[in-house]
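In what comes next, chain A is part of two complexes: it sits with chain B in the first one and with chain C in the second one.
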Partner chain A sequence: MYCLWCDQEIISSVNWGNLMLPPRSLTLCEECEGKLERITGSRCEKCSRKSAEQICSDCQWWSTQKREVLAKNHSIYVYNAFMKEIIAKWKYRGDYVLKKVFEEAFLEAFRKEFGKYKDTVLVPIPLSDARLAERGFNQAEALARQLPIQSKNLLTRTDSEKQSKKSRKQRIAGKNPFIMTETLNKPAILVDDIYTTGTTLRHAAELLRQNGCPKVSSYTLIRG
Partner chain B sequence: MVLLLASAFLCFFLLYIPKIHDLSPVFSEESFPEQTFNGQIIGPIEESSSRIQFTLKDTPSNKTYLILYFKNDTTEIARYPHLRTGATCKFQGIPERPDPSTNPGEFDFRNYLASKKITYQVYLESLQEITCTGQNLLHRFYTLRKNITTYLDKRVSTGTSSWMKGLVLGDDSAIEEETIELFQRWSLSHLLAISGLHVGLFVGFLYLVFIKFNVLTKEKAQWLILFILPGYAVVAGGEPSIWRASMMVVCFVILRKLNSTFNYTDVLSFVFISFVILNPYLVYQVGFQLSFLVTFGLLLSQRWIATSNSLIVQGFKISFVAQMMILPMLLHHFYTFQPLSILVNTLIVPYFSLLVIPSMFMFVIVSPFPIIQVLDKIFLMAQNLLLTFLHFLDKHFNYPWTIDGMSIEAVAVYYMLVIWFMYFVQLKHNLKAFFSGTLITVLISYFAAIPYFSSYGIITMLDIGQGDAYVVELPYRRGVFLIDAGAGVTFPERIPTNSKYKKIIQPYLKSRGITKLDAIIVTHKDVDHSGSVNYLAGEYKTDMIIVSDYYEIEQASKDLWAQENIAVHHVKQGDQINVGGQILHVMAPNKDKGSPNENSIVLLTEFGGQSWLFTGDIGREEEKEFINTYEHLSIDVLKVAHHGSSSSSDETFLEQIEPAFALISAGRNNRYGHPTEEVIAGLEKVGAMILRTDKDGAVQFVFNREAGTFYKFLP
Partner chain C sequence: MIVPQHRQKEMDLAKLFAGKLLLRHEIPLSEAHFSQALKQEIFRTVSPFSKKHFTLQCNRCGNTAKHLLPRYPCSRCGKAHRYCRKCIAMGRVSTCSMLYEWADQTPHWPIYVNPCSWKGTLTDAQQHAADRIATAIQAEEKELLSWAVCGAGKTEMLFPAITIALQQGKRICLATPRADVVRELKPRIQQAFEEVTVQALYGGSNDKTGSAQLILSTTHQLLRFKQAFHVMIIDEVDAFPYHADPSLSFATKRAVKPSGTTIYLTATPRKQQLKRLRKNNLPHIFVPRRFHGYPLPVPKTKQVINLKRQLKSKQLPKAFLKWLLTREKTQRQILIFVPTINLADHLQKPLTNFLLENNVIQTKQQASAVHASDAEREEKVKAYRNRELFVLVTTTILERGVTFPSVDVVILDAGHQVFDQAAIVQIAGRAGRSPDDPHGEVLLFHDGKTDAMVEAAASIRDMNRRGGFV
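For the complex of A and B:
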């Protein structure tokens, strides 16, 4: 086994956690694995951001805006420098296989956090056609496909400007870029790679709620 | 596939590792004829104040022998320049079987030697009768070790040199026995065994010198270490722990050189398997077992230990894992476990590894310079402080668990629980970890509590040679008491020694988990009956000591007993002694006979529905008085008076009391000829079954309310 990031051979150390278990296939070596930072300790109940407060100031602000459409967001990793590199290589330079790095953690945390949500539909955040053609795959779809419940592409995207090139103000003030192709009357979990300001997810959530969806949460790999 | 491989490995090891218990007669009457030995000296020549010993591999028979030479006295300066490791030697001698243990709990020298592949020993009359030629490379290493030892003795005080020798050369023979026992009680002995810690420091130090001072390139320094480490292992005593540590380093260096990747547990397994294949007997050595278990546990815990940033917490975790890993071994070999030792280790281990051990290595290097005198004094002061602290702990916080080992099934369950426990601990599932931790505690507590739930009592006639020591453990641990606790004496000075106590009485009490004595009954004042009483009184919480009205207690004992808050009772004929509900009737003495033997306390009691008579060392006259006073008394079990001497066991006495069993405690081949043929004949005539320590070793009577059975320790 070789590390998907640094290409060194992976030597799995034996510890109390895996002594009696069959060997797992690993995607990262211990050193690279160690550079990924999980969100641990106290976090914002609403958006998963590392925070000493129960509800972070960001979410407090969101709750002052019209009505809150997103019930909650859950994320796994902190957006540190190493994660930025991985995401860049995966998303922008098309190293599709890197999704495996998060596969296990993404599934495990989903079971723990959303396991009891039966009869819920996953809705990946779509890319615009131009973006999809450029990248070759939709990272949100790739993530959603790893999860055990059904996923429906209910949304399409009209604009093609990259969110990551905009400022916070521009993002929040921007108009809703999504169109809904089908209605849904079940609870939905939006899936995306990263929660930055929460605007994109709220745009999608708003649309879903307007079209009969009773509750919308979101599950993202990273809390930016 | 994995299971198949695992069972194949298991089978291989089960078949490969030889059993060391042999079934040959324990003490055979016949001795072996004198024979010629011709072979090579393997291992170092070891010299102590009383003897010189080495092992020799006899070429014709391909057997290994332990060769011993006892000095005539401690002042004898032995000359043996011809005895060198690797030399080929020739001599005449009589092979003997080494002594097995004859008491429960006693160290078994025969098994110990067997674990080193030695089944016979040979005593040399003089060192000159053996002719040797040649030597090998090992001899140079052993000579180096010896020369460093002698040099250190010259340069620094005895106190400091004993620690330097212990921590750098792995020779703890000069460290005071009291200190070694103190370290043992607090599970600190691993500091005295050269292991990973020392090897790590040694390698680190070499690296520093070679690389920081630009003596060698990194590459060359690594090669050099490859060659130096095995040498250091030999010079530092060659115990399994140091070989384990240095071989692991050697493997790491080689793997690095080959550009191979590896994980630590694989290297440990590889070293383990190679050791066992090279010398299967190693698995029986305590040091080998502890070293590998602790290392394995610590490697598995690396990740868990690294999750804490505080050095103190890390130290605590290390001590904790180490103790958890070896607990069943500690109970099996030493019968005790000190829960508080985990905390003590957390304190002492960093002190040793960061200060003491590095300074010991440094002292060796600076020993030629005058500054060593100053360092010597500072070190002694620090070390005294440490020992004072440990003695303080030992006095006020000494709460060991004493358990006579766990059954093999329980050990398996224990390790399963530990793995389970550590799994949850590592994953931080605190509740589940707490639950499995509780199960571990319950398991251990069960073994600690067994004696308190047992409806069986045990009376043990310990084999302390020529002398008496009976330990009575009542059912449900209602009471534990001794009738006599003799000691050996030196010849010809006849000074009492603590060896019987240390080697036989104390290990037995430990093995039974006894920490408190309800009473010690001393029948009379002779050393072979009373010599170990004060050792017991000093170490065990003792409620009372019972002696006869005519027993004169010397001042030293009086002071000690008063200091330890022990009540002293004097008894005479007609009195009753009650220990934990067990009533003992005092049948004698009723007047002062003017000599200790004749003034012996005679006790009548009942165990397991049998009447027992303990007679101390009374003579024929007292026996006659006994049958005159108690005319119709018959006895089931008689402790034969005076080790079976003809001055006791009068025919009329034996005929009247008609014992079914006769217990005789006499030394093997004792100089008095006890028990005499006359006494044996008398006992046989009345149909008594004779149980004697010189033939049977310790004899135990296991009883409940109605009945009991005798067991001999030796088959």
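For the complex of A and C:
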């Protein structure tokens, strides 16, 4: 086994606890694993941001805006420097297998957080055609595919500008870039890699709600 | 050669594209024009992988490790393609996004009559080696190893060779494993060849076009070239990561034209090169003398019991402190090598305090530590060169390629595995670089001599003997 990040060979130590068990497959070496930072301790109930308050200031602001369309967001990791490097290589360079780094944690947290949600549909956030052609795969779809409930590509995207190149103000003021191709009358969970300002997810949620979806939550890998 | 006016533009394109492995987005043509260019065989596709028996090999970096050749599901055609993770930083290549190469006529490079604007003179030893390298290029010999001791002045030795190559209208690449060396060489080479276009390629360089006749490059950037150069000069062949990463030597070999000449430069040849030297199947030239004509300083070793434990608890060994206060020449700067980044950071404070107490330095700012992940790395090295810093604690990043005129060199924990024979010889070679102060002390503190230390001292003595010093 080799570390997916630094390509060092991973040698797992044998102890009484794992002697008789089949070897656990590891994706990162201990050192690299240690550089990933999970969101722990108190967090905002709505958006998963690390926060001492129950509802963080961002979410309080969102609740003053017209109608709140996103029930809640759950994220696993903090967007630290190491995570930025991984995401850059995974998404922008197109190193597909790096998704394995998060596979186990992503599934485990989903079971814990959304496990009792039956009859729910996953909706991955789409890429624009130009972006998709460039990268060859959609990272949100790759994430949704790892989860145990059905996933539907209900949205298409019309803009092609990268969100990550815009400022917070520009993002929030932007037009809704999505078009819905099919209606849905079941609760939905949006899947994406990063929740930054929450604008993209809210655009998607708004559209889903307008087209008959009773409740929309989101599940993202990282709270930026 | 004179090119008619109407073909001038085509020549420029050839210079820009020939000899490279290109990604689609590096070719500024619309889809329609591009497919026509493919039909007319102006460009040719390069298959991304080749099968050798049962192993798959990436055609860009030569990687064959299976775990670095996974698949991804392609949204364009619905199939799962293999891609190479090893060279993905240069852009992902798969069967759906191929590499392309120029298939039209080869470019003609200008012939210079007298390109060298360098006015210095070479010492006899340098001249001898320079002539040999120039002959190798003129006669289109396949390869030549130039083994010159640290401080022999090997960059200057290259000038006559580069001159000859330019006079023959050849394209030249001077490659080295380290980006800081490329950065340092660029102004020197440009100054020596004023009228020639020189480009420097390294990760993060502004100009990545690589269309010049004389190119300075990291060995890593050569992954983008194929049969581009008549002359390939590889500086510091034995340096990390070149000798440890097979894809770099793969790329370097591919970047040379089949009839081209490869010159290796080193002060510390590795075992495989020494083996070829002994077997007489690698022609070489040896420069045993430093340009100022004095011998290389031979390292002295000092054993310290419990050295590792002392360093771990941020304690400086007594023998080292005593040496600090009883140096031969107190005006020499002090360069201290340690094996790890952590240690460099940890030792800085106790060392500074000790030096302040004993008046070796006057202010706290005169001592510092530097390592690869230090954001102020370049500034610190510059400050040390300007003597604003008096004492510098460093990891092996400063082991080669840098020149400080007058320093004493110390290795703390010289028995650590990062200090192999080549590293110790290189580190010892930092001392006594200037004709004004051609000697310098080199001290290795250790808690048990290693083969590397013994071999390093033996090879330095051997080089001195071959240089005519007894």
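The rule we apply is simple: the second predicted complex is superposed on the first by the 214 of 224 C-alpha atoms of A that agree within 3 Å, B and C clash if a C-alpha of one lies under 4 Å from a C-alpha of the other, contacts with A are read in each partner's own complex, and residues count from 1 in each chain.
In the analysis below, a residue touches a chain if its C-beta (ideal position, glycine included) is under 8 Å from a C-beta of that chain, and two chains touch if they have at least 3 such contacts.
Quick caveat, the model's predicted, so the values are computed rather than measured.
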item	value
Partner chain(s) touched by A:Met20 [first = chain B, second = chain C, both, neither]	first
Contacts of A:Asp119 with chain B and chain C, given as first, second, both or neither	neither
Partner chain(s) touched by A:Ser12 [first = chain B, second = chain C, both, neither]	first
Which of chain B and chain C A:Glu182 touches, first, second, both or neither	neither
First, second, both or neither for A:Tyr2, with chain B first and chain C second	second
Touching partner for A:Lys89 - first (chain B), second (chain C), both, neither	second
Touched partner set for A:Asn138, first chain B, second chain C, both or neither	second
Touching partner for A:Val97 - first (chain B), second (chain C), both, neither	second
Common ground on chain A, meaning residues reached by chain C in one complex and by chain B in the other	none
Chain A residues touching chain B - in the complex, by the definition given at the top	8-9, 11-17, 19-20, 22
Sites on chain A touched by chain C in the complex	2, 7, 89, 93-97, 132-133, 136-138
Parts of chain C lying in touch with chain A, wherever the complex brings them together	67-68, 70-76, 81, 83, 85, 88-89, 91-92, 94, 96-97
Contacting residues of chain B [partner chain A, same complex]	2, 261-265, 299-304, 419, 422-423, 425-427
